[in-house]
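Let me begin by handing over the structure; questions about it come next.
Going by the order they are written in, the chains are A, B, C, D, E and F; count residues from 1 in each one.
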Amino acid sequence: MPRPVTLFTGQWADLPFEEMCKLASGWGYDGLEIACWGDHFDVWQAVEDEGYVKAKREVLDKYNLKVWAISNHLKGQAVCDDPIDQRHKDILPSKIWGDGDPEGVRQRAAEEMKVTARAARALGVDTVVGFTGSSIWKYVAMFPPASQAMVDAGYEDFANRWNPIIDVFDSEGVKFAFEVHPSEIAYDYWTTVRMLEAIDHRESYGLNWDPSHFVWQDLNPVDFIFDFKDRIYHVDCKDAKRRVGNGRNGRLGSHLAWGDLRRGWDFVSTGHGDVPWEDSFRALNAIGYDGPISIEWEDAGMDRLHGAPEALKIVRALQEIEPPAASFDAAFASSD
Amino acid sequence: MPRPVTLFTGQWADLPFEEMCKLASGWGYDGLEIACWGDHFDVWQAVEDEGYVKAKREVLDKYNLKVWAISNHLKGQAVCDDPIDQRHKDILPSKIWGDGDPEGVRQRAAEEMKVTARAARALGVDTVVGFTGSSIWKYVAMFPPASQAMVDAGYEDFANRWNPIIDVFDSEGVKFAFEVHPSEIAYDYWTTVRMLEAIDHRESYGLNWDPSHFVWQDLNPVDFIFDFKDRIYHVDCKDAKRRVGNGRNGRLGSHLAWGDLRRGWDFVSTGHGDVPWEDSFRALNAIGYDGPISIEWEDAGMDRLHGAPEALKIVRALQEIEPPAASFDAAFASSD
Amino acid sequence: MPRPVTLFTGQWADLPFEEMCKLASGWGYDGLEIACWGDHFDVWQAVEDEGYVKAKREVLDKYNLKVWAISNHLKGQAVCDDPIDQRHKDILPSKIWGDGDPEGVRQRAAEEMKVTARAARALGVDTVVGFTGSSIWKYVAMFPPASQAMVDAGYEDFANRWNPIIDVFDSEGVKFAFEVHPSEIAYDYWTTVRMLEAIDHRESYGLNWDPSHFVWQDLNPVDFIFDFKDRIYHVDCKDAKRRVGNGRNGRLGSHLAWGDLRRGWDFVSTGHGDVPWEDSFRALNAIGYDGPISIEWEDAGMDRLHGAPEALKIVRALQEIEPPAASFDAAFASSD
Amino acid sequence: MPRPVTLFTGQWADLPFEEMCKLASGWGYDGLEIACWGDHFDVWQAVEDEGYVKAKREVLDKYNLKVWAISNHLKGQAVCDDPIDQRHKDILPSKIWGDGDPEGVRQRAAEEMKVTARAARALGVDTVVGFTGSSIWKYVAMFPPASQAMVDAGYEDFANRWNPIIDVFDSEGVKFAFEVHPSEIAYDYWTTVRMLEAIDHRESYGLNWDPSHFVWQDLNPVDFIFDFKDRIYHVDCKDAKRRVGNGRNGRLGSHLAWGDLRRGWDFVSTGHGDVPWEDSFRALNAIGYDGPISIEWEDAGMDRLHGAPEALKIVRALQEIEPPAASFDAAFASSD
Amino acid sequence: MPRPVTLFTGQWADLPFEEMCKLASGWGYDGLEIACWGDHFDVWQAVEDEGYVKAKREVLDKYNLKVWAISNHLKGQAVCDDPIDQRHKDILPSKIWGDGDPEGVRQRAAEEMKVTARAARALGVDTVVGFTGSSIWKYVAMFPPASQAMVDAGYEDFANRWNPIIDVFDSEGVKFAFEVHPSEIAYDYWTTVRMLEAIDHRESYGLNWDPSHFVWQDLNPVDFIFDFKDRIYHVDCKDAKRRVGNGRNGRLGSHLAWGDLRRGWDFVSTGHGDVPWEDSFRALNAIGYDGPISIEWEDAGMDRLHGAPEALKIVRALQEIEPPAASFDAAFASSD
Amino acid sequence: MPRPVTLFTGQWADLPFEEMCKLASGWGYDGLEIACWGDHFDVWQAVEDEGYVKAKREVLDKYNLKVWAISNHLKGQAVCDDPIDQRHKDILPSKIWGDGDPEGVRQRAAEEMKVTARAARALGVDTVVGFTGSSIWKYVAMFPPASQAMVDAGYEDFANRWNPIIDVFDSEGVKFAFEVHPSEIAYDYWTTVRMLEAIDHRESYGLNWDPSHFVWQDLNPVDFIFDFKDRIYHVDCKDAKRRVGNGRNGRLGSHLAWGDLRRGWDFVSTGHGDVPWEDSFRALNAIGYDGPISIEWEDAGMDRLHGAPEALKIVRALQEIEPPAASFDAAFASSD
């Protein structure tokens, strides 16, 4: 079987899991990258209640869907974040938020990430996709001045909080695929290099390649695949479009809402943006990536019911680009 | 007298004020944009002690320097900021930091900004340059999700905290020239539009045109002068260089220190970066700006003792571009 | 009903109206933007003869076509133009050309534009698309020197000639949608600003957004929609392709015929050129434009019978991009 | 009949001729550009054995395929090349390689090119596509220093070796369509100018327009068609993609294998690269080229069985762009 | 003597000739390109009154200035122009304007151009720089539709009116150096090709290379030198700057006054714009151009008294780039 | 002492050594990078005759010049090259060329490179700059097809021939600084990676950073410094200018002579081309490079007697950019 195409359910968690399954199956997806929020997947129940996992599996089977990865961005976000504020309260379950004391929130979130590794194992899945949060993201503008010591402390904080989590991933035989993203400990090329150094390149900790944030930061998604080829553990297809160039729209988005065309960049449905998809897929072929291709669908200017099946069609076309068995200049060989 | 050229003392506050004056005068500057930190200018003393201002004036006179503006970025920063943390403690005097309780810090900082208006008046200066801080800068990445209501609240918080300060500027006949800058309530074109709306375009509140942060956000510094032509109250010449394009260096700077060439952009000495200086000066001519041209010198890869006089030379050359009295095609007129 | 897609009949006026209807209907168009020349629509008959309009309506009904706008570019052109010459004679009916005395031609053309407003009303249509001509277009190269007084006089001439016409539009409740275009009083961004000022932003006078001429002048079609969002009264989809870059093809077209690839730009069938169609349609969504999308088909290198149905297909696909009901990050909300 | 679309068999010569015919026919090609290697076409047999040609024709007829050109790149390459080495041995039949003595190889190769003209005539074909080799290609880097005299000698060597070959083409009424290509006597614009001068613009010697190598050398494929419009005797559609821009991938390909994404450019299936296909086809229309459009399929990252039919589909769509009979502004003419 | 540097007096004709000489000499110019308007040079007097020329020469000698060319743009403009209007009246002497009847104006202007050739001879000068005007410039936008027959007629009108003038240039042994420029019969590359064809490439009629208008039309000034290398009879250094890119400023200048930064391009002092001066001078070296380098100074944002000496300094520096006698790799030759 | 600036004598070897010294000294150079050809430096004499070195030193001392490196490009070229032909004969002394048998030439050249290490030691110099030649450069176009095995063999040949040479460098304590260059075993980024792997990153073998060939291959000279920071052993300042973009000039130079502006790129005097010199010098500062900055002067369009002193002036200005002792934001620290 060639690489399967899945739909990430994070942006659909307002829908009941079964409805989500029905939609994805109807559009022709091979499976789901299941979000650990909404009613889609509760990692605590998954490790505590065998029946829970079995029931999920039955729904998936009913719709002929498979699963290769689960995702828990929202709880991972809280592990390192500082400050912890209303934004976190809005996306965390009360079990993690508790009384909202920041350090307590962080520790409960870390605990859930360990549970997530065990839940993945329980579901028979090898990969967890997610975020880490960051205690130093807030220094990104470097003003008021943040010393390199403060920055170093941020990476150390990350290592201290995540190494114990990775220990659990190790013992469960599950891999964590971190999504390089603003607000996280790594959001570009050099911070990814630094992040991997901070945890000594532990093998259980790799990357979820999602090119959408590379585009507006002027990073090269294709080179990223090559340069981190031994750490690409999962692929999310999310697209973004730059809308700078008129001298008024800026790279930082101007605190404008998604979909506002005055933003200097925005998420768009896969294939509608600036990601060099074809070369990216050729690079995935080149490094031998054979895991799932997951569509993380976000486009504030398009109806998701229109966009999700369209994105699948686009990705299926990209998947048809497969390397041949033999070199083409073999045909020039003289053999008389 | 054509527009004077001044040196902003903020990056030199480690030097005693008189030494700073001696240097600037020796290089040929017309005056200073005096920073309200270090021993350069203490706004509290200025309003409480007539002799303090007189003594400052004597030093300036001794070195044949004038002053058209004072700057208080560091205290302005604390007015709206959230969180208030170690970075603020590092740059605030104990009088403002106090016990470090965030709201107390903000209010004491606001009080100092009022005092700054009075101190400017006492010094005989019409303009205060500075920052505002921002309670919503931290939402810039828009993840965890920040609703437009949260964003709106940030602009409202800004208006609530700054309107009373502007009242004092109004009554003193002094203008505040806000520097558009990451970490502030406005950092690009559309946030500047929104900021000015938030305070109903009060006339005492305008802009310090500093193009360095426009360059890496892909904003057009020349158009900015035109579009906000009635609000350009001060000019800071600081330059920046984009170093993106290799697919690895990113627009956000990667938390790398100033001067690290892997940053996607960096400050450089005036004339060494990507600011379109000539057209900017032509635009300043076009809108009739006749205030000071102040050099805010920052370049982590160059010695400031080399850079400051070089920047002056570059700006003097730009100042030589002056519009003529008559249209050139007048010479084609037939007059026989 | 979503926005209808119409075909502008101007480039098909060599065909009898009914044949045009048959073709457009067969290709699946929703309606026509009817040109007031050829036998397609005679505004004088329309206001003088009730049966004329009724007969037109019957043909449209027979082919299940609707009409939201009529166009009278060729007569509008003559209202302000100077000189009036052979080119005008070639495109004007004898009723307007008369003896060819320039001022007489202008006045008769102005009269026809008033009649056009009444004819639109008679047909039950709210919008007239068209040109204005210009007495100063000939000064575009600014050599021999044209003073600003001469330029000012041109805008004044425009206002003087068009205000009485707009009065009739006002009284008929019909809007004029001016097409920004070389040879007209406004052909780019700043001339559009000036034109609207010249008539005090009268509400009956707005714009027909046609991006084809923006492309080669380096104007941004998407920003144009935003910046004039309250004056976009009609949309024409015409595309253009820049062919500069080899150092020999120039922006002005070299007096070469349409379709000659040495021209620095040329019209091409919608979707074959440099217009950023997708973002343009997103912008139309953003400003809430709900009028017709009309295809003005011009491509000297393609057969129109091939191009017109292809263009419809491309526009239908663009129309499928519709904003969703809810924000995508709603799905992240915690609700336990 | 509009221009036919053929498949060049050079990259398929590992397959038996009939299998190749079956594939091409099944995909819908109109004919073949037959390579004179493998078992596809043996020029010596063609001129010596009437039955050989007849048999080939029968296979073609069986699959409803036509032929307008044959190609003999591999032997043409050896005519001027210096050094002659293992690479040539690998692609030449023993009849030409013989004992491998360079001058002998060159002369036997030249002899085969004459035979190829006669074979084309025997097959009823007017065009032979191919290479020339070059004795000075090895000087391309100009270090160790190569004097202009050495360069001149290379063009003279070319003329001396090819004029006798062209004599045979003349007498057979067949044209040679040289493919501009690195390793050949002409590989870009100015070397093509020089090459044609070297043989005094003999009419039997023209060009096979193959844009793939133009793309990475920054040559303009569309202008090339215009500037050499009287010498475009054949068209090969091969595409290429530039992959420079990250500062590490170079224009020269780094001796990396085809398909390695670190190469600064690579061949890709038609329509997947940087060739401006639409304008190229418009240019072919403009110069009245009415010969075959041949797909030379090379893409080391794609399976040829997937790519060849896809390329045909893309080219068929390009072929639908045909100039109209009449000028579109005819419809504006007044005829009352 | 290397190529001399002259100052074109056209934009200084409001100053008395002697004052102009004094200025130019004081700045260090080698000579003048004298405009045939103001009191600088009257061609009628020059041919009728020997003393007039002698007096001019004395003034030149007094200031140690030489002259290699005279210019008569303003009268040349009227030879072909249509319409003839107020703009012409403003720049023509009454002797040429007369009663303003267009055809009379054209014929008197043509007569003056013949006289100009004779005046050049009388002054001992081999070159006249100037314009032609154009009866078809007004068709540049191609709307209202202008047929190719109309365009052809324009080139024919040009040939008919200028051939008799060129006859006089021939007989006087003087060359006309036409300045490629909007409003003229040729304003870009392809119109220059067409113009030269229209007069059968007569040798007395060549080009004044002035790159300022090439810049904003996207023409390559360096290639222009090569491609018309046998017709470069004079060089004018005028610079221009593109100011497009923000999506609002357009290539056509928006009828805005010179110096308005909203124009999409503008003239600027030599070295302040987008002309590739260094490569242009290398190209002039390459074709062996050894005539004068004349500075035509126009910059609505700079004082000409500042600009003219600055431009001279810049051009002198460019002149220092001179080809060496021997090839640099000669030094690698082994000679033991 | 800051980094010294030297002049490479390779392009001046037609001059006697003392004359060269006199010129360089007169222009203000600190020293020379002495070429081992002409009469500048004979490595055989240097190791055999103590007086030879002493005499050279006396000449240098007389002109107050120092030496930090010697260069032997021409002999190094012959070590791996294949074919060995007239071009080599032209630049090799008869001692190395001998009977011209290729393998003999290669071995004698290799012997000279060993002697060069000993000569450097004798002269008291730590660095030898040079070339390697390449047996596979001729495969750069990859047609006729060159297998990866052939390519691999080329790197192996390089290692086999150079390892014994490097052994001598090791034992002499001298470093070889290879210049990345077309015609050599490494000519771009990825071939440099491969070359260093081929010899197991031996420490005595590093790089001479010469950015001129990076520019036209689209390689990033600044990143190159970072990525190979532990192997930058010498710096040569040679500049190059891209002249592509018109669609006719190609990246490969068209076999045209140096200085012909139709070449797609050419060498130009330092500071006249596309090398990002300022950022390159900032990068050299960043990696702590403290060796000589050598000007390798080549510009076929400029006189070397003009260019060499001008280049020195430009490099001296670049050298003035030196990093400061302290971080600039130290001045913001609060210290009350």
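Convention: contacts are C-beta pairs under 8 Å (C-beta built on N, C-alpha and C of every residue); 3 or more make two chains touch, one makes a residue touch a chain.
Just so you know, these numbers come straight off a predicted model, no measurement behind them.
Using CA-based centroids throughout, the chain positioned farthest away from subunit F is C. Farthest chain from subunit D, judged by C-alpha centroids: B. Each chain gets a centre from the mean of its Cα atoms; for subunit B and subunit D, those two points are 62 Å apart.
For the pair subunit B and subunit C, the distance between C-alpha centroids works out to 46 Å. Computed centre separation for the pair subunit C/subunit E is 39 angstrom, with centres defined by C-alpha atoms. Residues of subunit F found to touch two or more other chains are 74, 90-91, 144-145, 220, 222-223, 245-248, 257-258, 262, 329, 332. Across the complex, subunit F is touched by residues 245-248 of subunit C. Here subunit B touches subunit F in the complex through residues 10-14, 37-38, 74, 89-95, 97, 241, 243, 245-246, 248, 257-262, 272, 298-304, 306, going by the rule given at the top. Of all residues in subunit B, only 220, 222-223, 226, 278-279, 282-283, 285-286, 320-336 touch subunit E in the complex they form. For subunit C in complex with subunit E, the touching residues are 74, 77, 83, 86-88, 90-91, 136-146, 148, 150-151, 154, 181-183, 187-191, 194, 216-220, 222-224, 227, 244-258, 262, 264.
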